[in-house]
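I'd like to ask you about the structure that follows.
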Amino acid sequence: MTQLIGKRSWAIPEGYIPAESTGDDPALESHETVCVLNTTDEDANLEITVYFPDREPVGPYEKSVPASRTRHFRFDAFEEPEPIPRGEPYASTVQSDVPVVCQHTRLDSRQAENALLSTIAFPDG
Amino acid sequence: MTQLIGKRSWAIPEGYIPAESTGDDPALESHETVCVLNTTDEDANLEITVYFPDREPVGPYEKSVPASRTRHFRFDAFEEPEPIPRGEPYASTVQSDVPVVCQHTRLDSRQAENALLSTIAFPDG
Amino acid sequence: MTQLIGKRSWAIPEGYIPAESTGDDPALESHETVCVLNTTDEDANLEITVYFPDREPVGPYEKSVPASRTRHFRFDAFEEPEPIPRGEPYASTVQSDVPVVCQHTRLDSRQAENALLSTIAFPDG
Amino acid sequence: MTQLIGKRSWAIPEGYIPAESTGDDPALESHETVCVLNTTDEDANLEITVYFPDREPVGPYEKSVPASRTRHFRFDAFEEPEPIPRGEPYASTVQSDVPVVCQHTRLDSRQAENALLSTIAFPDG
(Lines give C-alpha, C1' and ligand atoms only; values in the text may rest on other atoms or scores of the structure.)
Protein backbone atom coordinates (compact mmCIF):
# COMPACT_ATOMS: atom_id res chain seq x y z
CA MET A 1 0.00 0.00 0.00
CA THR A 2 2.78 2.38 0.90
CA GLN A 3 5.57 3.23 -1.47
CA LEU A 4 9.15 2.84 -0.40
CA ILE A 5 10.35 6.20 0.86
CA GLY A 6 13.64 7.41 2.26
CA LYS A 7 17.41 7.69 2.01
CA ARG A 8 20.35 5.75 3.40
CA SER A 9 22.32 8.67 4.85
CA TRP A 10 21.17 11.49 7.14
CA ALA A 11 22.80 14.32 9.08
CA ILE A 12 21.67 16.35 12.13
CA PRO A 13 24.06 19.27 12.77
CA GLU A 14 22.27 20.53 15.90
CA GLY A 15 22.66 18.49 19.04
CA TYR A 16 22.47 19.55 22.67
CA ILE A 17 20.99 17.69 25.60
CA PRO A 18 20.24 20.26 28.30
CA ALA A 19 21.90 19.34 31.56
CA GLU A 20 18.93 20.28 33.69
CA SER A 21 15.30 19.23 33.74
CA THR A 22 12.27 20.15 35.76
CA GLY A 23 10.11 17.53 37.42
CA ASP A 24 10.30 13.76 37.79
CA ASP A 25 8.42 12.47 34.74
CA PRO A 26 10.97 10.71 32.44
CA ALA A 27 8.89 11.75 29.40
CA LEU A 28 9.42 15.38 30.44
CA GLU A 29 13.16 15.07 31.13
CA SER A 30 15.17 17.24 28.73
CA HIS A 31 16.12 15.02 25.81
CA GLU A 32 16.80 14.76 22.10
CA THR A 33 15.58 12.04 19.80
CA VAL A 34 16.16 10.86 16.29
CA CYS A 35 12.92 9.35 15.00
CA VAL A 36 13.47 6.78 12.28
CA LEU A 37 10.76 5.41 9.99
CA ASN A 38 11.40 2.22 8.01
CA THR A 39 8.68 1.66 5.41
CA THR A 40 10.56 -1.15 3.68
CA ASP A 41 9.95 -4.87 4.17
CA GLU A 42 13.51 -5.41 5.44
CA ASP A 43 14.95 -4.58 8.85
CA ALA A 44 17.08 -1.43 8.86
CA ASN A 45 20.50 -1.70 10.49
CA LEU A 46 21.68 1.75 11.55
CA GLU A 47 25.08 3.12 12.37
CA ILE A 48 24.88 6.44 14.21
CA THR A 49 28.05 8.55 14.51
CA VAL A 50 28.29 11.44 16.97
CA TYR A 51 30.51 14.46 16.27
CA PHE A 52 31.94 16.96 18.73
CA PRO A 53 33.58 20.41 18.52
CA ASP A 54 37.02 19.40 19.74
CA ARG A 55 37.52 15.64 19.74
CA GLU A 56 37.22 12.62 17.49
CA PRO A 57 33.77 11.36 16.49
CA VAL A 58 32.33 8.49 18.52
CA GLY A 59 30.59 5.49 17.01
CA PRO A 60 29.07 3.61 15.51
CA TYR A 61 26.13 3.39 17.84
CA GLU A 62 24.31 0.37 16.40
CA LYS A 63 20.53 0.48 16.29
CA SER A 64 17.87 -1.30 14.29
CA VAL A 65 14.38 -0.57 13.07
CA PRO A 66 12.35 -3.60 12.02
CA ALA A 67 10.54 -3.69 8.68
CA SER A 68 7.40 -1.50 8.66
CA ARG A 69 8.20 -0.02 12.06
CA THR A 70 9.29 3.29 13.58
CA ARG A 71 11.72 3.76 16.44
CA HIS A 72 12.35 6.96 18.37
CA PHE A 73 15.89 6.84 19.80
CA ARG A 74 16.80 9.08 22.73
CA PHE A 75 20.39 10.31 22.51
CA ASP A 76 20.58 10.52 26.30
CA ALA A 77 19.98 6.74 26.42
CA PHE A 78 22.95 5.89 24.18
CA GLU A 79 25.46 3.75 26.08
CA GLU A 80 27.72 1.87 23.69
CA PRO A 81 30.43 2.79 22.83
CA GLU A 82 29.95 5.63 25.36
CA PRO A 83 27.22 7.98 26.68
CA ILE A 84 26.80 11.43 25.11
CA PRO A 85 27.59 14.15 27.65
CA ARG A 86 24.81 16.55 28.61
CA GLY A 87 25.34 20.29 28.25
CA GLU A 88 27.78 20.05 25.31
CA PRO A 89 27.18 20.65 21.61
CA TYR A 90 27.28 17.66 19.28
CA ALA A 91 26.04 16.58 15.86
CA SER A 92 25.16 13.21 14.38
CA THR A 93 24.85 11.17 11.22
CA VAL A 94 22.73 8.10 10.56
CA GLN A 95 23.72 5.46 8.01
CA SER A 96 21.20 2.76 7.13
CA ASP A 97 21.43 -0.31 4.91
CA VAL A 98 17.89 0.30 3.61
CA PRO A 99 16.09 3.59 2.91
CA VAL A 100 14.68 5.26 6.02
CA VAL A 101 13.44 8.72 7.01
CA CYS A 102 14.90 10.60 10.01
CA GLN A 103 13.52 13.49 12.07
CA HIS A 104 15.26 15.29 14.94
CA THR A 105 13.40 16.57 18.02
CA ARG A 106 14.43 18.21 21.30
CA LEU A 107 12.38 18.64 24.44
CA ASP A 108 13.93 21.27 26.68
CA SER A 109 12.53 21.19 30.23
CA ARG A 110 15.20 23.25 31.95
CA GLN A 111 12.47 25.62 32.97
CA ALA A 112 9.02 25.05 34.41
CA GLU A 113 7.44 25.07 30.94
CA ASN A 114 8.77 23.00 28.07
CA ALA A 115 10.15 24.11 24.73
CA LEU A 116 10.24 21.95 21.60
CA LEU A 117 12.12 21.98 18.31
CA SER A 118 11.96 19.56 15.39
CA THR A 119 13.11 19.23 11.80
CA ILE A 120 13.43 16.55 9.18
CA ALA A 121 17.14 15.64 9.14
CA PHE A 122 19.28 16.38 6.08
CA PRO A 123 19.17 13.47 3.60
CA ASP A 124 21.77 12.20 1.19
CA GLY A 125 22.52 9.11 -0.80
CA MET B 1 -1.76 32.15 -11.21
CA THR B 2 -0.04 29.56 -9.03
CA GLN B 3 2.20 26.86 -10.42
CA LEU B 4 1.56 23.26 -9.56
CA ILE B 5 3.75 22.38 -6.56
CA GLY B 6 4.21 19.22 -4.56
CA LYS B 7 4.86 15.49 -4.41
CA ARG B 8 2.69 12.39 -4.16
CA SER B 9 4.45 10.70 -1.24
CA TRP B 10 5.42 12.12 2.17
CA ALA B 11 6.81 10.77 5.44
CA ILE B 12 6.70 12.09 9.04
CA PRO B 13 8.93 9.98 11.31
CA GLU B 14 8.10 11.88 14.51
CA GLY B 15 4.69 11.33 16.00
CA TYR B 16 3.55 11.63 19.59
CA ILE B 17 0.24 12.93 20.91
CA PRO B 18 0.81 13.93 24.54
CA ALA B 19 -1.63 12.19 26.85
CA GLU B 20 -2.27 15.26 28.96
CA SER B 21 -3.46 18.76 28.20
CA THR B 22 -4.05 21.88 30.23
CA GLY B 23 -7.31 23.80 30.03
CA ASP B 24 -10.61 23.27 28.27
CA ASP B 25 -10.12 25.01 24.92
CA PRO B 26 -10.10 22.30 22.16
CA ALA B 27 -7.69 24.46 20.11
CA LEU B 28 -5.24 24.27 23.02
CA GLU B 29 -5.59 20.54 23.61
CA SER B 30 -2.31 18.72 22.94
CA HIS B 31 -2.43 17.55 19.34
CA GLU B 32 -0.52 16.83 16.15
CA THR B 33 -1.58 17.78 12.68
CA VAL B 34 -0.58 17.08 9.13
CA CYS B 35 -1.35 20.16 7.06
CA VAL B 36 -1.92 19.36 3.40
CA LEU B 37 -1.98 21.91 0.59
CA ASN B 38 -3.46 20.97 -2.78
CA THR B 39 -2.68 23.63 -5.41
CA THR B 40 -3.90 21.50 -8.29
CA ASP B 41 -7.32 21.75 -9.97
CA GLU B 42 -8.20 18.17 -9.04
CA ASP B 43 -9.30 16.82 -5.65
CA ALA B 44 -6.53 14.99 -3.78
CA ASN B 45 -7.40 11.57 -2.41
CA LEU B 46 -5.05 10.72 0.46
CA GLU B 47 -4.12 7.46 2.09
CA ILE B 48 -2.41 7.98 5.44
CA THR B 49 -0.59 5.02 7.03
CA VAL B 50 0.45 5.06 10.68
CA TYR B 51 3.51 3.11 11.89
CA PHE B 52 4.31 1.94 15.42
CA PRO B 53 7.39 0.63 17.24
CA ASP B 54 6.16 -2.89 17.87
CA ARG B 55 3.09 -3.73 15.83
CA GLU B 56 1.81 -3.74 12.27
CA PRO B 57 1.05 -0.42 10.55
CA VAL B 58 -2.54 0.76 10.56
CA GLY B 59 -4.30 2.21 7.56
CA PRO B 60 -5.13 3.55 5.20
CA TYR B 61 -6.86 6.46 6.84
CA GLU B 62 -8.68 7.97 3.87
CA LYS B 63 -8.83 11.76 3.64
CA SER B 64 -9.40 14.22 0.84
CA VAL B 65 -8.37 17.77 0.05
CA PRO B 66 -10.46 19.50 -2.63
CA ALA B 67 -8.81 21.28 -5.56
CA SER B 68 -7.22 24.60 -4.52
CA ARG B 69 -7.82 23.97 -0.84
CA THR B 70 -5.84 23.20 2.31
CA ARG B 71 -6.88 20.84 5.08
CA HIS B 72 -5.25 20.50 8.49
CA PHE B 73 -5.87 16.98 9.80
CA ARG B 74 -5.58 16.28 13.53
CA PHE B 75 -4.16 12.82 14.23
CA ASP B 76 -6.09 12.68 17.50
CA ALA B 77 -9.33 12.92 15.49
CA PHE B 78 -8.55 9.87 13.32
CA GLU B 79 -11.19 7.19 13.86
CA GLU B 80 -11.25 4.77 10.93
CA PRO B 81 -9.81 2.12 10.88
CA GLU B 82 -8.89 2.89 14.54
CA PRO B 83 -7.90 5.82 16.78
CA ILE B 84 -4.20 6.56 17.37
CA PRO B 85 -3.29 6.03 21.02
CA ARG B 86 -2.06 9.03 23.01
CA GLY B 87 1.28 8.85 24.81
CA GLU B 88 2.89 6.40 22.36
CA PRO B 89 5.40 7.04 19.57
CA TYR B 90 4.23 6.65 16.01
CA ALA B 91 5.13 7.77 12.49
CA SER B 92 3.12 8.33 9.35
CA THR B 93 3.17 8.44 5.58
CA VAL B 94 0.83 10.26 3.22
CA GLN B 95 0.14 9.02 -0.32
CA SER B 96 -1.79 11.27 -2.67
CA ASP B 97 -3.08 10.74 -6.20
CA VAL B 98 -2.12 14.33 -7.14
CA PRO B 99 0.86 16.43 -6.01
CA VAL B 100 0.39 18.00 -2.57
CA VAL B 101 2.62 19.56 0.09
CA CYS B 102 2.61 18.29 3.71
CA GLN B 103 3.75 19.93 6.95
CA HIS B 104 3.77 18.39 10.43
CA THR B 105 2.98 20.37 13.59
CA ARG B 106 2.59 19.52 17.26
CA LEU B 107 1.03 21.61 20.00
CA ASP B 108 2.07 20.32 23.41
CA SER B 109 -0.08 21.72 26.22
CA ARG B 110 0.87 19.26 28.93
CA GLN B 111 2.03 22.21 30.97
CA ALA B 112 0.51 25.58 31.63
CA GLU B 113 2.35 27.14 28.70
CA ASN B 114 2.34 25.62 25.23
CA ALA B 115 5.22 24.34 23.15
CA LEU B 116 5.19 24.03 19.36
CA LEU B 117 7.18 22.16 16.76
CA SER B 118 6.81 22.08 12.98
CA THR B 119 8.62 20.89 9.89
CA ILE B 120 7.89 20.31 6.24
CA ALA B 121 7.45 16.54 5.89
CA PHE B 122 9.93 14.45 3.87
CA PRO B 123 8.88 14.29 0.22
CA ASP B 124 9.37 11.57 -2.35
CA GLY B 125 7.98 10.50 -5.67
CA MET C 1 31.06 36.77 -2.86
CA THR C 2 27.80 34.88 -2.41
CA GLN C 3 26.49 32.41 -4.93
CA LEU C 4 22.98 32.73 -6.24
CA ILE C 5 20.76 30.47 -4.15
CA GLY C 6 17.06 29.71 -4.21
CA LYS C 7 13.94 28.71 -6.10
CA ARG C 8 11.06 30.57 -7.73
CA SER C 9 8.18 28.66 -6.16
CA TRP C 10 7.53 27.84 -2.49
CA ALA C 11 4.70 26.34 -0.43
CA ILE C 12 3.77 26.58 3.27
CA PRO C 13 0.92 24.18 4.12
CA GLU C 14 0.65 25.19 7.79
CA GLY C 15 -0.88 28.53 8.54
CA TYR C 16 -2.73 29.74 11.60
CA ILE C 17 -2.63 33.14 13.24
CA PRO C 18 -3.80 32.69 16.83
CA ALA C 19 -6.70 34.97 17.63
CA GLU C 20 -5.40 35.89 21.07
CA SER C 21 -2.18 37.42 22.33
CA THR C 22 -0.77 38.30 25.71
CA GLY C 23 0.66 41.73 26.42
CA ASP C 24 0.96 44.97 24.47
CA ASP C 25 4.31 44.62 22.68
CA PRO C 26 3.60 44.33 18.91
CA ALA C 27 6.72 42.14 18.53
CA LEU C 28 5.13 39.68 20.98
CA GLU C 29 1.68 39.70 19.37
CA SER C 30 0.81 36.24 17.99
CA HIS C 31 1.84 36.25 14.34
CA GLU C 32 3.17 34.26 11.41
CA THR C 33 5.82 35.39 8.99
CA VAL C 34 7.29 34.30 5.71
CA CYS C 35 10.95 35.35 5.66
CA VAL C 36 12.27 35.82 2.14
CA LEU C 37 15.95 36.13 1.23
CA ASN C 38 16.94 37.50 -2.18
CA THR C 39 20.65 36.98 -2.83
CA THR C 40 20.40 37.98 -6.49
CA ASP C 41 21.31 41.38 -7.93
CA GLU C 42 17.74 41.92 -9.19
CA ASP C 43 14.66 42.92 -7.19
CA ALA C 44 12.32 40.00 -6.50
CA ASN C 45 8.64 40.55 -7.30
CA LEU C 46 6.53 38.13 -5.26
CA GLU C 47 2.99 36.90 -5.67
CA ILE C 48 1.68 35.26 -2.51
CA THR C 49 -1.51 33.18 -2.72
CA VAL C 50 -3.44 32.16 0.40
CA TYR C 51 -5.50 28.94 0.50
CA PHE C 52 -8.36 28.04 2.82
CA PRO C 53 -10.23 24.86 3.78
CA ASP C 54 -13.59 25.77 2.29
CA ARG C 55 -13.37 28.73 -0.05
CA GLU C 56 -11.49 29.98 -3.07
CA PRO C 57 -7.84 31.03 -2.71
CA VAL C 58 -7.14 34.75 -2.26
CA GLY C 59 -4.39 36.63 -4.04
CA PRO C 60 -2.04 37.55 -5.31
CA TYR C 61 -0.67 39.55 -2.43
CA GLU C 62 2.08 41.51 -4.15
CA LYS C 63 5.32 42.00 -2.26
CA SER C 64 8.89 42.79 -3.24
CA VAL C 65 12.34 42.10 -1.88
CA PRO C 66 15.10 44.33 -3.25
CA ALA C 67 18.33 42.84 -4.60
CA SER C 68 20.62 41.58 -1.82
CA ARG C 69 17.99 42.13 0.86
CA THR C 70 15.74 40.11 3.16
CA ARG C 71 12.17 40.92 4.09
CA HIS C 72 10.13 39.27 6.82
CA PHE C 73 6.43 39.57 5.93
CA ARG C 74 3.81 39.23 8.65
CA PHE C 75 0.66 37.49 7.39
CA ASP C 76 -1.44 39.41 9.92
CA ALA C 77 -0.35 42.64 8.19
CA PHE C 78 -1.59 41.58 4.75
CA GLU C 79 -4.32 43.96 3.55
CA GLU C 80 -4.72 43.76 -0.21
CA PRO C 81 -6.75 42.08 -1.65
CA GLU C 82 -8.07 41.27 1.87
CA PRO C 83 -6.84 40.57 5.42
CA ILE C 84 -6.26 36.96 6.52
CA PRO C 85 -8.67 36.03 9.31
CA ARG C 86 -7.20 35.08 12.70
CA GLY C 87 -8.09 31.77 14.28
CA GLU C 88 -8.65 29.91 10.98
CA PRO C 89 -6.39 27.46 9.15
CA TYR C 90 -4.80 28.57 5.91
CA ALA C 91 -1.84 27.76 3.66
CA SER C 92 0.22 29.81 1.25
CA THR C 93 2.41 29.76 -1.82
CA VAL C 94 5.05 32.24 -2.90
CA GLN C 95 5.93 32.80 -6.55
CA SER C 96 8.98 34.94 -7.37
CA ASP C 97 10.41 36.15 -10.67
CA VAL C 98 13.97 35.53 -9.41
CA PRO C 99 15.30 32.76 -7.14
CA VAL C 100 14.65 33.40 -3.44
CA VAL C 101 14.62 31.32 -0.24
CA CYS C 102 11.55 31.22 2.07
CA GLN C 103 11.19 30.25 5.72
CA HIS C 104 7.98 30.10 7.75
CA THR C 105 7.80 31.09 11.44
CA ARG C 106 5.01 31.42 14.00
CA LEU C 107 5.09 33.18 17.35
CA ASP C 108 2.21 32.02 19.51
CA SER C 109 1.63 34.30 22.51
CA ARG C 110 -1.86 33.15 23.45
CA GLN C 111 -0.46 32.26 26.82
CA ALA C 112 1.84 34.11 29.18
CA GLU C 113 4.91 32.41 27.71
CA ASN C 114 5.59 32.26 23.99
CA ALA C 115 5.92 29.26 21.71
CA LEU C 116 7.78 29.25 18.39
CA LEU C 117 7.83 27.07 15.29
CA SER C 118 9.82 27.43 12.10
CA THR C 119 10.71 25.51 8.96
CA ILE C 120 12.22 26.17 5.57
CA ALA C 121 9.25 26.25 3.17
CA PHE C 122 8.85 23.58 0.48
CA PRO C 123 10.66 24.59 -2.71
CA ASP C 124 9.89 23.84 -6.32
CA GLY C 125 10.76 25.16 -9.74
CA MET D 1 32.71 4.64 8.33
CA THR D 2 30.63 7.70 7.53
CA GLN D 3 29.86 8.76 4.00
CA LEU D 4 30.57 12.28 2.90
CA ILE D 5 27.36 14.28 3.29
CA GLY D 6 26.48 17.89 2.62
CA LYS D 7 26.48 20.90 0.32
CA ARG D 8 28.72 23.92 -0.15
CA SER D 9 26.05 26.63 -0.05
CA TRP D 10 23.27 27.22 2.50
CA ALA D 11 20.68 29.90 3.21
CA ILE D 12 18.75 30.86 6.37
CA PRO D 13 16.07 33.46 5.58
CA GLU D 14 14.84 33.84 9.17
CA GLY D 15 17.07 35.71 11.56
CA TYR D 16 16.19 37.67 14.67
CA ILE D 17 18.10 37.90 17.92
CA PRO D 18 15.63 39.02 20.58
CA ALA D 19 16.85 42.13 22.38
CA GLU D 20 15.80 40.92 25.80
CA SER D 21 16.59 37.86 27.87
CA THR D 22 15.54 36.56 31.24
CA GLY D 23 18.08 35.44 33.81
CA ASP D 24 21.87 35.46 34.02
CA ASP D 25 22.84 32.08 32.51
CA PRO D 26 24.66 32.75 29.19
CA ALA D 27 23.31 29.45 27.84
CA LEU D 28 19.79 30.79 28.41
CA GLU D 29 20.41 34.23 26.89
CA SER D 30 18.27 34.76 23.79
CA HIS D 31 20.38 33.73 20.82
CA GLU D 32 20.49 32.21 17.35
CA THR D 33 22.98 29.66 16.11
CA VAL D 34 24.02 28.08 12.88
CA CYS D 35 25.21 24.54 13.61
CA VAL D 36 27.66 23.25 11.04
CA LEU D 37 28.69 19.62 10.63
CA ASN D 38 31.80 18.75 8.62
CA THR D 39 32.00 15.00 7.98
CA THR D 40 34.85 15.33 5.49
CA ASP D 41 38.53 14.76 6.24
CA GLU D 42 39.43 18.34 5.32
CA ASP D 43 38.89 21.51 7.34
CA ALA D 44 35.91 23.58 6.17
CA ASN D 45 36.53 27.27 5.62
CA LEU D 46 33.25 29.17 5.85
CA GLU D 47 32.19 32.57 4.64
CA ILE D 48 28.97 33.73 6.28
CA THR D 49 27.13 36.71 4.76
CA VAL D 50 24.41 38.56 6.68
CA TYR D 51 21.53 40.29 4.87
CA PHE D 52 19.28 43.07 6.13
CA PRO D 53 15.97 44.63 5.05
CA ASP D 54 17.29 48.06 4.12
CA ARG D 55 21.06 48.11 3.85
CA GLU D 56 23.92 46.35 2.14
CA PRO D 57 24.88 42.82 3.23
CA VAL D 58 27.74 42.47 5.71
CA GLY D 59 30.50 39.91 5.42
CA PRO D 60 32.16 37.64 5.01
CA TYR D 61 32.30 36.49 8.59
CA GLU D 62 35.09 33.92 8.40
CA LYS D 63 34.67 30.73 10.42
CA SER D 64 36.14 27.26 10.23
CA VAL D 65 35.08 23.75 11.17
CA PRO D 66 37.89 21.21 11.42
CA ALA D 67 37.65 17.85 9.65
CA SER D 68 35.23 15.46 11.39
CA ARG D 69 34.00 18.13 13.77
CA THR D 70 30.87 20.19 14.43
CA ARG D 71 30.76 23.83 15.46
CA HIS D 72 27.72 25.72 16.71
CA PHE D 73 28.18 29.43 15.93
CA ARG D 74 26.19 32.01 17.86
CA PHE D 75 25.22 34.99 15.68
CA ASP D 76 25.24 37.26 18.72
CA ALA D 77 28.95 36.48 19.15
CA PHE D 78 29.90 37.60 15.62
CA GLU D 79 32.32 40.55 15.81
CA GLU D 80 34.25 40.91 12.55
CA PRO D 81 33.49 42.77 10.33
CA GLU D 82 30.75 44.02 12.71
CA PRO D 83 28.28 42.73 15.33
CA ILE D 84 24.73 41.83 14.27
CA PRO D 85 22.22 44.15 15.94
CA ARG D 86 19.67 42.61 18.30
CA GLY D 87 15.98 43.20 17.71
CA GLU D 88 16.24 43.57 13.91
CA PRO D 89 15.41 41.06 11.16
CA TYR D 90 18.26 39.59 9.18
CA ALA D 91 19.07 36.56 7.02
CA SER D 92 22.27 34.69 6.28
CA THR D 93 24.09 32.49 3.83
CA VAL D 94 26.95 30.08 4.46
CA GLN D 95 29.52 29.24 1.78
CA SER D 96 31.97 26.42 2.45
CA ASP D 97 34.93 25.08 0.47
CA VAL D 98 33.97 21.49 1.36
CA PRO D 99 30.51 19.92 1.78
CA VAL D 100 28.92 20.63 5.18
CA VAL D 101 25.42 20.48 6.68
CA CYS D 102 23.84 23.53 8.37
CA GLN D 103 20.97 23.81 10.86
CA HIS D 104 19.46 27.01 12.28
CA THR D 105 18.21 27.30 15.87
CA ARG D 106 16.84 30.11 18.02
CA LEU D 107 16.43 30.21 21.78
CA ASP D 108 14.06 32.98 22.79
CA SER D 109 14.22 33.78 26.51
CA ARG D 110 12.47 37.13 26.45
CA GLN D 111 9.96 35.67 28.83
CA ALA D 112 10.33 33.57 31.93
CA GLU D 113 10.02 30.34 29.94
CA ASN D 114 12.02 29.64 26.81
CA ALA D 115 10.84 29.03 23.28
CA LEU D 116 12.82 27.17 20.62
CA LEU D 117 12.76 26.90 16.85
CA SER D 118 14.99 24.93 14.50
CA THR D 119 15.21 23.85 10.88
CA ILE D 120 17.75 22.41 8.52
CA ALA D 121 18.94 25.36 6.41
CA PHE D 122 18.18 25.50 2.67
CA PRO D 123 20.95 23.78 0.66
CA ASP D 124 22.28 24.49 -2.78
CA GLY D 125 25.33 23.75 -4.87
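As written, the chains take the letters A, B, C and D, and residue 1 is the first residue of each chain.
Note that in this section a residue touches a chain if its C-beta (ideal position, glycine included) is under 8 Å from a C-beta of that chain, and two chains touch if they have at least 3 such contacts.
All of these numbers come straight from a predicted model, not from anything done at the bench.
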Given that chain B and chain C are copies and touch, would you call their interface same or different according to whether over half of its residue numbers are shared?
different
Give me the C-alpha superposition rotation for chain C onto chain D, in degrees, nearest 5.
90
Just the number, please: Cα centre separation of chain A and chain D in whole Å.
21
Residues within chain B bordering two or more other chains:
112-113, 115-120
Chain B residues touching chain A - in the complex, by the definition given at the top
9-16, 47, 49, 51-54, 56-57, 59-60, 87, 89-91, 93, 95, 104, 106, 108, 110-113, 115-122, 124-125
The residues of chain D that touch chain A in their complex are 1-3, 5-6, 27-28, 33, 35-37, 39, 68-72, 101-103, 105, 107, 112-120, 123
